[in-house]
Each structure stands twice: as C-alpha cells, then as structure tokens.
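Dropping the structures in below, format is structure tokens.
Both complexes shown next keep chain A, but they swap its partner, so chain B is in the first and chain C is in the second.
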Partner chain A sequence: MKLNIDGLLVYFPYDYIYPEQYSYMLELKRTLDAKGHGVLEMPSGTGKTISLLSLIVAYQKAYPLEVTKLVYCSRTVPEIEKVVEELRKLMDYYTKQTEAKNDFLALALSSRKNLCIHPEVSALRFGKEVDGKCHSLTASYIRAQHHSNPSQPVCQFYEEFDAVGRQVPIPPGIYNLDDLKDFGRRKGWCPYFLARYAILHANIVVYSYHYLLDPKIADLVSKELAKKSVVVFDEAHNIDNVCIDSMSVNITRRTLDRCQTNVETLQNTISRIKETDAAKLREEYSRLVEGLKEANVARETDMYLSNPVLPDEILQEAVPGSIRTAEHFVGFMKRFLEYLKARLRIHHVVQESAPQFLKDIYEKVCIDRKPLRFCAERLRSLLRTLEIADIADFSAITLISHFATLVSTYSKGFTIIIEPFEDRTPTIANPVLHFSCMDPSIAIKPVFGRFQSVIITSGTLSPLDIYPRILDFRPVTVASFTMTLARTCLCPLIVGRGNDQVAMTSKFETREDFAVIRNYGNLLLEMSAIVPDGIVAFFTSYIYMENIVASWYEQGILENIQRNKLIFIETQDAAETSMALEKYQEACENGRGAILLSVARGKVSEGIDFVHHYGRAVIMFGVPYVYTQSRILKARLEYLRDQFQIRENDFLTFDAMRHAAQCVGRAIRGKTDYGLMIFADKRYARADKRGKLPRWIQEHLTDGSLNLTIDETVQLGKHFLRQMAQPFRQEDQLGLSLLTLEQLQSEDMLQKIAQIAQQA
Partner chain B sequence: MDEEPERAKRWEGGYERTWEVLKEDESGSLKASVEDILFQAKRKRVSEGHGQVRLGMMRHLFVIIDSSRSMEDQDLRPNRLTSTLKLMEFFVEEYFDQNPISQIGIITTKNKRAEKLTDLAGNPKKHLAALKKAVDSTCVGEPSLYNSLNCVALPSGTEIKEILVIFSSLTTCDPANIYELIKTLNALKIRVSVIGLSAEVRVCTILTRETGGSYNVILDESHFKELLMLHVKPPPASSSSECSLIRMGFPQHVIASMSDQDAKPSFSMSHLDSTGEPGLTLGGYYCPQCRAKYTELPVECKVCGLTLVSAPHLARSFHHLFPLEAFQETPLEEYEGERFCEACQGELKDKSVFTCLACKKVFCVECDLFIHDTLHCCPGCMQTDRTS
Partner chain C sequence: MFVCVCFRCESCVEMLFVRGSGNCVQCNTPLRKSNFRVQLFEDPAIDKEVEIRKKVLKIYNKREFDFSTLKEYNDYLEQVEDIVFNLTNNIDVERTKQMMEQYQRDNKDIIQRNKAKLTREQEELEELLLQDHQDSEQRRLETLQEEQRHLQAKRINKQALLDELEISKLPAAVLLAQHKDRASQLETQIEKQKQNVKPANIFSTGIMMGQTVSLASVSRVEEVLYVYQLLCIDTYGPPVLELDQLGRLGYLNHVRTASPQDQAGGYTSGLACHRAIQDAFSGLFPS
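== the complex of A and B ==
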C-alpha cells in the first residue's frame, strides 16, 4: 500500500499495516528531518525491519541529496540475510508499482569466510584460517613477487577483480551473500573485495556491527562512507557491550609466550634480510622518517594490521627515532614484552589507570609514551617490509602492539587490572592482564560524530534514557512503541512465593536455601503439566543452573517433570547446545513436549527465537544480575558513577532487566503468537525492577499478577492458555491491530496511533 | 445436564477478575476481548452452516477418549474423566437423535496404549452402558495419539470417515512418526477433529488442519458441552464421495400378543453377539428381505446386510437437508418497531436484532441461536402458517 507519512510517499509492500508501524515511521521521519539521532523501542514481531526499510528508502528516493546511503547494522549473518530478503520484497513492490527500472544497489557484507569462492581457501573451516590464507594470496608484496616469479600462487579471483572489477560498476539490484557469490563466480571476481569496493557507491549496505564499531575494522571498511548516511543499529540493546569488547584487550601468559616467539621470528627475518637486501630496510627507514601519510597505498589487502583509532595528528607525525630502525623496534618490543612478563608475575591483584601504567613503565624500563603510541603502526610497516605472508601467526604480537597504542593514547575511560588467577579457580595461577574499556562512548563516538542520523532500535531498550547517557549522545527522538493487540497474547506473571509461602528469590543469601530450590522445582513441575509443547527456562548462570538441577535430581523433582516433558540443557559447548536445541524443537513438534534449561546471557537467550509452539512459556528463575564481584565490572561501575552520574545499583538493575526482558521476549515473536512470561523472583515485583521492563510488557503486568504463589500462577496460566487456544483469525485483528489503508486514514484511528508512541 | 447453569459456578471458575474485564472494555485500545471474538465466531457458525452444502447423512464416527493421568485433574467437576464421560453419554444420545442412521464407536487411550471400548455400532444402549462402566476405570500414564488413531484407521479402512479426539493431556507417547500417520489419514480422507481439555497442542493443530477437521479447546464445562454438540451435526460431505443410492429396508413392527396362538417367541438377531440378557420375545422388526428379527432399529441386518431403519428416523434427519435460513442481523439503533423479542418476549437490549426473512419477526441473540441450533424452524413462521 502507499502511505502518506507526514507528507512523504512511502511504499509499503504489504496489504495490511500494524498501527505501531505507522507510528514508528512517523517518528523515524521526524528524526531524519531533524538530521539527528534516535532511540526507538518497538517489540519484536511487529515488523520493525520493514518499517525502517520502507521509510528510509522512500526518504532516499524523495530527497536523494539529503540522505545518500543507508547503513543497516545487524548482529548475525542470519539476521543480515533476513533484512536483505525484506528489502528484496520492498524493491519488488517498488518496481511493480512504479514500473520503473530499479536503480538501487543494496548489498550485504560479511567476512571472507562467508564470501570467499576460492576453491581451496573457502574450504577452510575457521574464519581466521580463511583470512590468513586469503592474505597470503592477495597481499600486495605477494602480488609483486608474482610478477617476477609466476610460480608464486595468487588468488585468480582477486587478480581478475583488481584488473577490471573497479571500472565496471556492479549492476543495481539486491544482493545477499549468495547473490554476491554467484555474481562473483559468473564474472570470476572476488565477491569479498567486490562487496567492499561496492559499498562505497551502494545505496544500502547491510553488515555487522563490527564493521562500524570495531576501530580496527571500521577504519578499513567504513572509512569512506558519506556523511549523509543514515546508520541503523538493529537489536541494539547490547550495543554498549559490543563497543566495550571492541576496545578491550586481554593478555595472558600464553599470549606473551607466543609473542616471544613472534619477536624471535622477526629478529631472524630481519638479520636474514639485512644480509640479502639491506636496501629494503633502508627504504623503509626513510619512509618512516617522512611519516605515516603513505598509509593507504596497499592497505586494502593488508587488513589486520591497521591501527586502532589514532588521532589524525599522529598520522602526520614522523615515527619517533627510537623505533625507526627495524632492530631498534624489535629491541623495543622485547623490552616491552619483558616488562609485561614481569608485571604478570604477581600474587595479588593490581588495578591501575593508564597514566599510572605509563609512569611505571617509564621508571622501570625507560619506555616513553610516544614510541608506544606508534607501536601498532610501526609493526604493520615492519611486517609489510619483511614480506611475511602468513599473518595469522602474528596475532599475538599484533595484540600486544594494539595494547601499547591504546594504553598510550587514551588516558581516560580505561583501566588496567592484573589478576594472578581467575575468580572461580583461586588456586590455579593463571595471570591475566585486562586492559578494559569502561566507556562505550569511545568506540561509538566517531559513528555519532560522522553520520548525520544514527538510529538505535530494538525490542528491549527500556529504560530509554539510559542509552543516550552511557553512549554519550543527544538523540532528537526517544520513543517506545507498544504492541496493539486484538487479544492480550502475552501474560507476564511475577511469582514471588511457593505454596508454602517461602519467598522465592535468587538473592545471594538464599539461593542455596533448600526451600527456594524446591519451590523453583515445583514451579517448573506444575508448569510442565499445564503448558503445551515447549517451555524455556532461564537461570542466572551456568553454575547456578548446575547446582539447582543437581538438587532437583536428588529430590526426585526431575523425574516427575520428565513424566510431562523431556528436558534439554544448554551447555557452554556450542555444538552440544545446538544439538539440544534441535532435539528440543523436534520434541515440541511431535507432541511430546519439552523443556529447555538455559542461561540468561547465553547463546539461547540472545539469538534464538521460540516462535509459537517452540515456546509457550518462558520462566525466568531469578534476576539475571551480572557477576558483581568481577573487578572489571566494579571498575566500570565506578567509572559510570563518576563520569555519567549513574548509580551502581541503577546500572546493575538496568543490565539485569534488559537481559530478563530479552529472555522472556523470546517467546512472543508476533501478534498471532502467544506465551506466558513467568518471572520467578519476588524482587521483580518491586517498582524499580518492574519499571525497567519494556513498556509493552509492563502494560500487561497488572497489580493482580504480582507476587503470586505457584497455585495462583497455575490457575492464571491455565485460564490464559485456554483463552489463547480459542480460534483466532485475521479478521479478528483487522481494524484493531491490523489495518487496511482506509482504516488507517480514519480520524479516530490516527488519534489512537498518536497514543502508541510514548516519548521518554 | 439440566442442573448445569450457563457458565460454571463462580467459585469454580478460578480467579475471575470482573473489574479487569470492565476496564479493558473502556480503555479502548485493547477492548476486543476473547469473549467478543468467541461470540462473533458463534454467530458466524450459524450463518455459515446453512450454505448449500452436501451433508454426509450416514456417519461413521469414532470417538477417542483420552484416559491418561491428566484426566484426573479436577478443573472440571468432579474430575475431567467423569465430566467427560457424562457429557459423552449426552452426546451419544443426541448423536443418534439427530443422525438416526449413523454409527459410532468409542476408544480410550491410556498408558501408551489404545483400547476399544465399543465397536462401531448403531445402537446407543451398548455405548451408554460402556460409558457408564468406564467411569470407574483408573487414569494412568500417557495417552498415545498414534496408537489410538492407528487402531481406528487401519482395520476398518475406508468405512470410517470421522474421528473425534477428546484430548486432555499435553503430551503424547508415540511409537513412530505421527506425521506419517497423518499423511495416511489424509489419503484415506478421514476427518479428525480434536477437543482439547487443557491447551493448544501443536501436533493436534497439524492433525486437524491436515485432515480438515476442527480443533477447539474448552474454556469451562458449558463450553465443553457446546463444542461437543457441534459434532452432532453432520459435517459437509467431501466432494469426492460419490452420490450413491443406498438400499434400505423399512421393517414393520409386528406386535403379537401372548394370546395369539400362531405367535412363537423367538430370539432377536441382535442378541447373537451380545452376552447380556438374551431373551425370547414375541414381537419385533422383521427384515423385509430375509425375515430376520430385530428388537431395535436402526440396525444393519446381520444376514443380508440391509440397512434397516424406520421412516420417522429418516425424517428426523431431514432438517439437515432443509436448514432454516439465517436471520438478518441489524443494529439495534437502526431497528424501528416494537422492542421485544418474538420468542422470549424479553426486551431487546443487545447490540443487534435478528429478523426472520420469511415472516419478518424479530428475535434477540439468544433466541436466534436457540432457534437455529435446536428448533430448526422459525416460531414466527409456524404461527403465521397456522393462522393463514
């Protein structure tokens, strides 16, 4: 249907529209008009993706000079594929309606592993291996060698692409990863480099977060994206953690050992080259004197060694004299390495800031701040000069050099924690140096700074005001949308007590309590008797789950549950978990019924949807607080308090509640779906917890569903499930939660729609 | 069933929050509650049922009753099993009342097995006796959907066209892939309907969708009864089934008195296979073809295979052939005229009124449903017929 959104003609590829989609598009339009950033929360299953795409594409078509590009960031490859498929539907609709030829170019970009078509390289199993192998075939000096020595293998796909690919633009259309591969095969071009080149002039790019947020990659892939782009982060409820992870470095003794060997290899290579080709090293030296401006010449293929965000002025400067010659640099690295080794030989925990660390290193081994800053860039240059092909081996020293650059560049927002052993195994010495980023805004700042509109959206972003604070930006729109429903298809219940009136909670003091564990078991048992097909239960941690399940086994609860349903358990092993998932779905499908025990923050809680019968109930045992004793977390909390005036408790609760919402949200994936959401902890009933749930869940949480006993839960659950099992057709939704064009245009519907969005 | 009020008793209905229902109605954005939708569905059924469709008049129905552990649940009083069996008795009576020339069979499933309670037969007495007896049986283990469907579908082959499953459990213990069986059922054109007692189970959804049956889940006992009664009415015949002429016999009832010298007491053929109370009787129905004697109708002649019915029986199922046309629905505001229902004489208060197209009399919602579901003829038209 064709919609008029605030004066903009939007083509929407479906016959019906949800009221909240309309409202969402209105808000989005306002954000784009203001050329600002936005935070939008809308429940999953209400068609966020298509709303985003149709509005932004319409905007691009209407104002081609205002918005030139859409950069859509998603988390996983399947999600990326899903977005591209929606886009394809939209574009088909456009061509059908306007009968004009499609001149849009949209493509997905992923890692080499997903895009490589080289017969040998693509057969490799791990991403790192593929990258390494690809590098050894396409690096600039390898190709230079190939010129003089044709027996040196190169990748014919890349050669072909390099020869002609850049001149011939990729024809407009929608390309997902497979389409790119097909296109590459047909032309004999490398799809990966083709895609990376094509994103520069594509209208829509769909790729993973990391291409924008991880400074090591972003610098290469996304550097030349136009300022007039709209950037969308979908499923962005964890964006702060992604930012932090991309800037943090962990160094163990093993890393250092491997680094040691790297340094030795470097040294040997240098001395060998010195004998054979001293001119080369001299040439490098003079280049370094001139500074790092040359940077981009052959960088495209030498991807790993790019530096983390270096301030521009550094690139203008010359590399300091002390590390300019190759031997000196290796010597420098050796010294740095020895220093790190010495630091790891400790028996107590040390925590210090970056300036402290720099001062200490200066005192102990006389390493200045300046050469440290150039470490990453210098190493990159050296590796290129030495023509070392198999770069994967050098990951350890690369990591160390990144660390050196980061620690000397940022004095704020980072902390260094050296622990002699892991928290959970206090007897086994396993020293780790955490260089931990505490400020997610550091990684994302360039994104907000550079692009005119950045949209952060997800099903669970509540409380909305916290994201702008921790990411340090000023949004022009902050809105939360509810799900309009023809029937109340979600039923959140807070269970606070067992039938024996013992409070149910995973609070640290009582979590080992026999009565609590038994009540949790009874809850699961009772639910397994009334909920059809699949139940997903989430625990706060693996350890807690193991304890509880063991205890249930001893009490015979497990045996009783198994009479109703089969039990599957998520483990830390990915293969085992996917096996369990598969069997779980099979059991749901054929009527046997199953329970999946899993862990909040685990793989299941984030990426896997339990549509319809795969998840008729979700039970959240306890409040999924992050492990609060971790020093990294403590440091981060302190930083948040000092810098952003966010109290520790607020942040912890926010973090726990967003994960709880994520977990329970797994069950409802659309308006025809239905499911029970059971929060089994009395602490959920408190206003500070409840208030942090997304609005679309809170709305259905009445006073009558707080602090229930198990019996009451069973009663309510039974009633709900029976109600939901009544026949429900599309006509029932029409006019209420599903609108035709005429219905949408009626006056009172527009009024109702205005209420859907709640501005924070 | 007379003592059962419209809805289950208040204290049995769980935690009902009437104030919440009220609130939902007012708030606007969320007002369509499930009950509203249900009511719409009910109306729709009435108006839909009377299209020009062919109905299968001779039905062969198997009812599968779940007797697993979950039947001991007490959310229906006194428990699910007793309640179900009681309703089943009522159903069997009603079934034969409305479909006099049809047959029924009953199967129970528990402990992963299926067990035939009664074989396919056209005589309500045997079924009722079996149902009464089944009340005392214990409910154990899990049901097996596969075994019970298999038990029906395979041996009796093409004869069976309908299966009704009353499914209480949320799990089924199957020895093989049930989806294969569903394919077979589909190929045999067997329609499987399910009435769920607890919640919607995926496998039943698929089963009914694939075989073209209906799937409903009960809300309370009165709803259960309602759903069960839906299956009393014959379903539309599948288009592929041919029109075939069926030979039927209309035996005369011969009454002989003891004083008559020629009359000799004889055994009825229907006592051949039943173990209970064989007796010599004087009168009975005699098959017009082979003169075999039966005490009850309808029945299939044991000797020559002729279907024996009585004319009134056949006539009773006529209302399926000449259904009462749906009444026209008009909103109350638009309706002008006297504001009371022709049938119950109550004041018209509902949102809409219903007008009979033939006699132009108006009725309220409840009466409309009653007329179409039970009476099958319009009281207004009857009156005008008589007076004219």
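== the complex of A and C ==
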C-alpha cells in the first residue's frame, strides 16, 4: 500500500499495516528531517525492520541529496540475511508499483569466512585462518612478487576483480551474501572485495555492528562512508557492551609469549632485510620523519570516519625520534613486553589508572608517553615495510601495540586491572591484564559525530533515557511504542510466593534455601501440567542452574516434570546447545511438549525466537543480575557514578531488567502469537524493577498479577491459555491492530495512533 | 663510568664479594657488592639496557622546549637511542663513551638545570594522578559528611514534628504538611552546603606549583593590515545619473508614483527608476 507519512510517499509492501508501524514511521521521519539521532523502542514481532526500511528508502528516493546512504547494522549473520530479504520484498513491490527500472543497489557485507569462494581458502574452518590465508594470497607485495615469479600463488578471483571489477560497477539490485557469491562465481571476481568496494556507492549496506564500532575494522571498511548516511543499529539493547568490548584489551601470559616470538621474527626479518634491501627501510624512515601528514589531510578534509585508536594529536606530529628506526622500535617493543611480563608476575590483584601505569612504566623501563601513543601506527608501518605475509600470526603484537596506544591516549574512561588468577580457580596461576574500557561513548563517538542520523532501536530499550546518557549523545526523538492488540495475547505474571507462603527469590542469601528451590521446582512442575507445547525457563547463571537442577533431581521434582514434558538444557558448549534446541523443537512439533532450561545472557536468550508453539510460556527464575563481584564491573559502576551520575543500583537493575525483558520477549514474536510470561521472584513486584520493564509489557501488568502464589498463577495461566487457544482469524484483528489503507486514513484512527508513541 | 653489566646468581655474588668489593670475573671492572641488583625482567638484556638507558638519560636530559623545532628534538631523541643501542650491543663502545663525555662537558649547564625538572608529559601525568587522588578523597569525604548530615537532619526534623504535634493547637494535617515542606527545604540546604575541598598546591592562577611555565614571548603573527579601497564598478555603458537628479530632469514623470503605504517603508519611486536606468545602461559598450 502507499502511505502518506507526513507528506512523504512511502511504499509499504504489505496490504495491511499495524498502527504502531505507522506511528514508528512518523517518528522516524521526524528524526530524519531534523538530521538528528533517535532512540526508538518497539516490541519485537511488530515489523520494525520493514517499517524502517520502507521509510528510509522512500526518504532516499524523495530526497536523494539529503540522505545518500542507509547503513543498517545488525548483530548476527542470520539477522543480516533476514533484513536483506525484507528489503528484497520492498524493492519488488517498488518495481511492481512504479514499473520503473530499479536503480537501487543494496548489499550485505560479512567476513571473508562467509563470502570467500576460493576453493582452498573457503574450506578453512575458522575466521582467523581464512583472513590470514586470504591476506597471504592478496597482499600487494605478494602480487608484485607474482609478476616476477609466476609460481608464487595468488588468488585468481582477487586478480580478476582487481583487473576488471573496479571499473565496472556492480549492477543495481539486492545482493544477499549468497547472491554476492553467485555473482562472484559467475564473473570470477572475489565477492568479499567486490562487496567492500561496492559499499562505497551502494544505497543500502547491511552489515554487523563491528564494521562500524570496532575501531580496528571500522578503519578498514567504513571510514569512507558518506557523511550524509543514516545509520541504524537494530537490536541495540546491548550496544554499550559491544562498544566496551571493542575498546577493551585483555592480555594473558600466552599473549605475551606469542608476542615474544613476534618480536623475534621482526628482529630477524629486519636484520635480513638490512642486508638485502636496506633502501626499503631507509625509505620508511624518511617517510616517518615527515610524519603522518597524509592521514591528517584526509581527516581534515572530512573524508574519513575518525578512529579512536588513532588520536588526532598523532596525526599532527611526526613519529618521535626514539622509535623512528626499525631497530629502535623493536627494542622499544621488547622493553614494553618485558615490562608487561614483569607486571604479570604478581600474587595479588592490582587496579590502577592509566596515568599511574604510565608513571610506573617510565620509572621501570624509561618509556615515555609519547612514543607509546605512536606505537600502533608505527607497528603498522613496520609490518607494511617488512612485507610480512601472514598478518594473523602477528595478532599478539598488534594487540599489544593497540593497548600501548590506548593506554597512553586516554587518561580517563579506562582502568587497568591485573589479576593473578581467575575468581573461580584461585589456586591456579593464570595472570591476566584487563585493560577495560568503562565508557562506551568513546567507541561510538565517531559514529555519532560523523553521520547525520543515527537510529538506535530494539524491542527492549527501557528505560529509554539511560542510553543517551551512557552513550553520551543528544537524541532528537526518544520514543517508545506499544503493541496494539486485538486480544491481550501476553500475560505477564509476577510470582512472589510458593504455596507455603515462602518468598521466592534468587537473592544471594536465600540461594541455597531448600524451600526456595523446592518452590521453583513446584512452579515448573505445575506449569508443565497446564501449558501446552513448549516452555522456556531462564536461570540467572549456569552455576545457579546446575545447583537447582541437581537438587530438583534429588527431591524427585525432575522426575515428576518429566512425566509431563521432556527436559532439555542449554550448556556453555555451542554445539551441544544447538543440538538441544533442535531436539526441543522436534519434541514441540510432536505435541509431546518440552521444557528448555537455559540461562539469561546466554545464546538462547539473545538470538533464538520461540514462535507460537515453541514457546507458550517463559519462566524467568530470579533477577538476572550480572556477577557483581567482578572487578571490571565494579570499576565500571564507579565510573558511571562519577561521570554520568548513574547510581550503581540503577545501572545494575537496568542491566538485569533489560536481560529479563529480552528473555521473556522471546516468546511473543507477533500479534497472532501468545504466551505466558512468568517472573518468578518477588523483587519484580517492586516499583523500581517493574518500572524498568518495556512499556509494552508493563501495560499488561495489573495490580492483580503482582505478588501471586503458585496456585494463583496456575489459575490465571489456565484461564489465559484457554482463552487464547480459541481460533483467531485475521478479521478479528482488522481495524484494531491491523489496518487497511482506508482504515488508516480515518480521522479517529489517526488520533489513536498519535497516542501510541510515548515520548520519553 | 659504567658498573659492569654481567650477570650472576645470588649465591655466586655472596661468594665472590665476601669482602664487599672486588673485580668482576668476566670483565675485570672493580665492583661493589652493594651495586648488585635483583633482576627485574625475564630477559637479562633488558635489565642491562634499562640500566644503561637510565645512565644515559641522566646526561642527555634535554627537554622538548630546549629545541626550537620538533624535528631537531626528534633527531636528538634518535641520537640518544643510538647511543643506548650501541652501548647495549657493544658497538663502538669506546667512541660512544667519548662522545658522551664530550657532550657532558659541553652541556654542563643544561644538564644541571634540567636535572630537577620533569618533562612536560610527566608533569601532566603527575597532575592527573594528583587530581585523581584529590577527587576520590573529596568524594569519600563528601559521601561521609552527607550521610551524617542527612541522618542528623532527619532526627532533628522528626523530633520537631513530635514536639509540635504534642504542643501545637493546629490540626495534625497542617502540621504534617509543614513538616514535609521543611524536610524538602532541608534537602536543598544540604545540597548547597557541599563544600569544595580546595587543593593546596595550586597558584591562584590555577597553575600547579613547580610546573615549568614557558616564559618565551608569544610569537607575533605578521599580517598585512587591511586597507580600504574605494569600490569602482565598470558598467560598460554610459554613466548613470545620480539618484537626486532624476526628479529634476523629469525622469520620475514616467514612473508610477509611490503610494503612501510604500513610502512608509522608506520606498521612493526614485529608487525603482534609478535601478531601472542602471539596468538599462549597463553592458551597452563592447568591453
């Protein structure tokens, strides 16, 4: 259908539209008009992706000069492919309606592992191996050697692409990963490099977060993206953690040992090259004397996305004299390495700030701050000069150099924690140096700074105001949308007590309490008797799950449950888990029904959907707080308190609730779907916890469902399930939660729609 | 000038230097036992290098502001690095040592002067550390004081309410409302009272004590001053009449007279006429 969104003609590829989708598009349009950033929350299963795509594509078509590109960031490869398929639907609709030839180019980009078509390289199993092998076939000097010596192997796909592919633009269309591979095979071009080259002039790019947030990758892939792009982060409820991870460095003893070999290799290569080809080193030297002016010019002329690992001051200065020649630099790295080794030989935990670290390093090994800051850049230049083929081997020393640059650049927002052993095994020495970023805004700052609109969206972003605070940006629109429903198809219940009136909670003090464990068991048992098909239960951690399941087994509860349904368990092993999932689904298909025991923050809670009969009830045992004793978390909480005035408790609760919401949201994946959401902990009934749930769940939490016993839960659940099991047709939805074009245009509907979005 | 940089284990040292001093077995340099140190790093070469480096840096302690350009400073740094490299790897040791001595003689003053000074970067670091320390201290004090004040204020307030309820003749609801007001006032007062712990070692200008301040005069920016020149436009046409002559020469007779509304805004018919003539006359002659 064709919609009129605030004066913009939007083609929507379906015959019906949800009211909240319309409202979502309105908000989105306002954000784009204002050229600002937005935070939008809309429940999962209400067609967020297609609303986003159709509005932004329409905007691009209407104002091709205002918005030149859409960069859509998602988390996993299946999600990326889903987005591209939606886009394909939209584009087909466009061609059908306008009958004009489509001139849109949209493509997905993923790692070499997913795109390579080289017969030998693509057979490798791990991403790192593929990258390394690819690099050893396509690096510029390898290809130069190939010219003089044809026996040197190169990748014929890359050669072909390099020879022809750059001149001929890729024909407009929608390219999923497989389409790219097909296209590459037909032409004999490398799909990966083709995609990387094509994103520069593509209208829509769909890729993973890391291509934009991880400074090391962003520098390679995304730095030339146009300023007038719209960037969308979908499923962005974990974006702060992604940012933090991308800037943090963990150094173990093994890293250092590998680094040691790297340094030795470097030294040998240098002495070898010095004998054979001293001119090359001299050339590099004179380039370094000149400084990194080139990069500076490029950044000033606003061509590149800035890189937080390459701070601005570096670009304006020349490389300090002490690390200018290759030998001196290797000596410098050696000293740094030895210093780190010495630091790791400790017996107690040390936490210090970056300035303290720098001071200590000066006293111990006379390393100044300035050369440290240039370390990453200098190493890169050296590796280039030495023509080292397998970059993957040098990951250890690259990591160390990044650490050096970061630690000397940022005096705030980072902390260094050296732990001599892991918390779980205090007897085994396994020293780790955590250089942990506490400020997610550092990694994402260039993105907000460069692109004209950045949209952060997800099904669970509540409370909305915390994201702008921790990511440090000013959104122009902050809105949360509810789900309009023809029938209340979600039923959140908070169970606070067992039938024996003992409070149910996963609080630390009562974790081992027999009564609590028994009550949890009873709850699951009762639910397994009344809920048809699948039940998914989430625990707060693996250890907690193991303990509980063990004592359920002893008490015989497990046996009773198994009379009703089969039980499957998520483990830390990915293969085992996917096996369990598969069998779980099979059991659900059979009609026998099954229970999946899994863990909040685990794989199941993040990426797996339990549509329809795969998840008729979700039970959340306890509040999924993070492990609060970890030093990294403590440091981060302290930082949040000091810098952003976010209290520790607020953040912990926020973090726990977003994961809880994420877990229970797995069951409802659309309007025809239905499911029970059972929060089994009395703490959920408190206003501070409840208030942090997304609005679309909160709305259905009545006072009557706050502090229930197991009996009451069973009653309510039975009633709800019986009601929901009645046949539900599309006509029932029409006009209420599903609109045709005529219905949409009616006056009172528009008024209703205006109430859906709640500005925060 | 260097202590020998050979390595041996603790027990050997004990044995060889029973008397407290003696010659090194490997390189025959006279040594003292007290000069031996525990090895800090895994690679003994690094220990040696750091040792040498510290000595070299004591002599070569020029700072960035001792040089006029960055390039010179970088060249100097490289030179230092070369010396360290040569000494650790036993290349040209004699010559290098001579060079160092020469340098030491030449630059006695600077070396002396710079001894006490830290480099700018180090100063920055120190400052940051100090600030961190102060901040955390201040925070700790603040939270402590705040808690205490809070507790006390609450206690007093409660007592006052009880007293009033006992004595006063006003209805209880009014008293409670008053109490609430007072409580909120107290909160704001507490907020205001938060005092700052002033750091002691900062001059009133905000500069740290003991920090080097560059006293060099700010380099003057040489610029050519702007000179006004009369604007001269070549219209490639006959000269246009002045605005005030138009009425006199009768041009205005052929133009629509301005209505009173137009004139209120400052418009006269002469303006339009003048513009039209300008328009008509320009570009008539070939350039």
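Definition applied: the second predicted complex is superposed on the first by the 741 of 760 C-alpha atoms of A that agree within 3 Å, B and C clash if a C-alpha of one lies under 4 Å from a C-alpha of the other, contacts with A are read in each partner's own complex, and residues count from 1 in each chain.
Convention: a contact is a pair of C-beta atoms (placed from the backbone, for glycine too) under 8 Å apart; a residue touches a chain by one contact, two chains touch by 3 or more.
In this text, all values refer to a predicted model and were calculated from it rather than measured experimentally.
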Q.
If we overlay the two complexes on their shared chain A, which of chain B and chain C does A:642 touch? Say first, second, both or neither.
A. second
(message) Going by the contact rule set out at the top, does A:334 touch chain B (first), chain C (second), both, or neither?
(response) second
Query: After lining up the shared chain so the two structures overlap, which partner does A:227 touch, if you call chain B first and chain C second: first, second, both or neither?
result: neither
Could you tell me if A:166 is touching chain B, chain C, both of them or neither one (first, second, both, neither)? neither
TODO: Go through the superposed model and pick first if A:254 touches only chain B, second if only chain C, both, or neither.
DONE: neither
Item to complete: Could you tell me if A:590 is touching chain B, chain C, both of them or neither one (first, second, both, neither)?
Response: first
Going by the contact rule set out at the top, does A:732 touch chain B (first), chain C (second), both, or neither? first
So the chain A residues that chain B and chain C both touch are none
Interface with chain A, chain C side, in the complex: residues 40-43, 46, 49-50, 53-54, 57, 70-71, 73-82, 85, 119, 121-122, 125-126, 128-129, 132, 135, 139
So, in the complex, the side of chain B touching chain A is made of residues 14-15, 17, 20, 24, 28-30, 32-34, 37-38, 40-41, 69-70, 75, 142, 145, 170-174, 177-179, 196, 198-205, 216-219
In the complex, chain A touches chain C at residues 289, 317-325, 327-328, 331, 334-335, 338-339, 341-342, 353, 355-356, 358-359, 362, 364-366, 368-370, 411, 642
So, in the complex, the side of chain A touching chain B is made of residues 484-488, 529-533, 563-565, 588-593, 612-613, 616, 702, 704, 712, 715-716, 718-719, 721-728, 732, 736, 752, 755
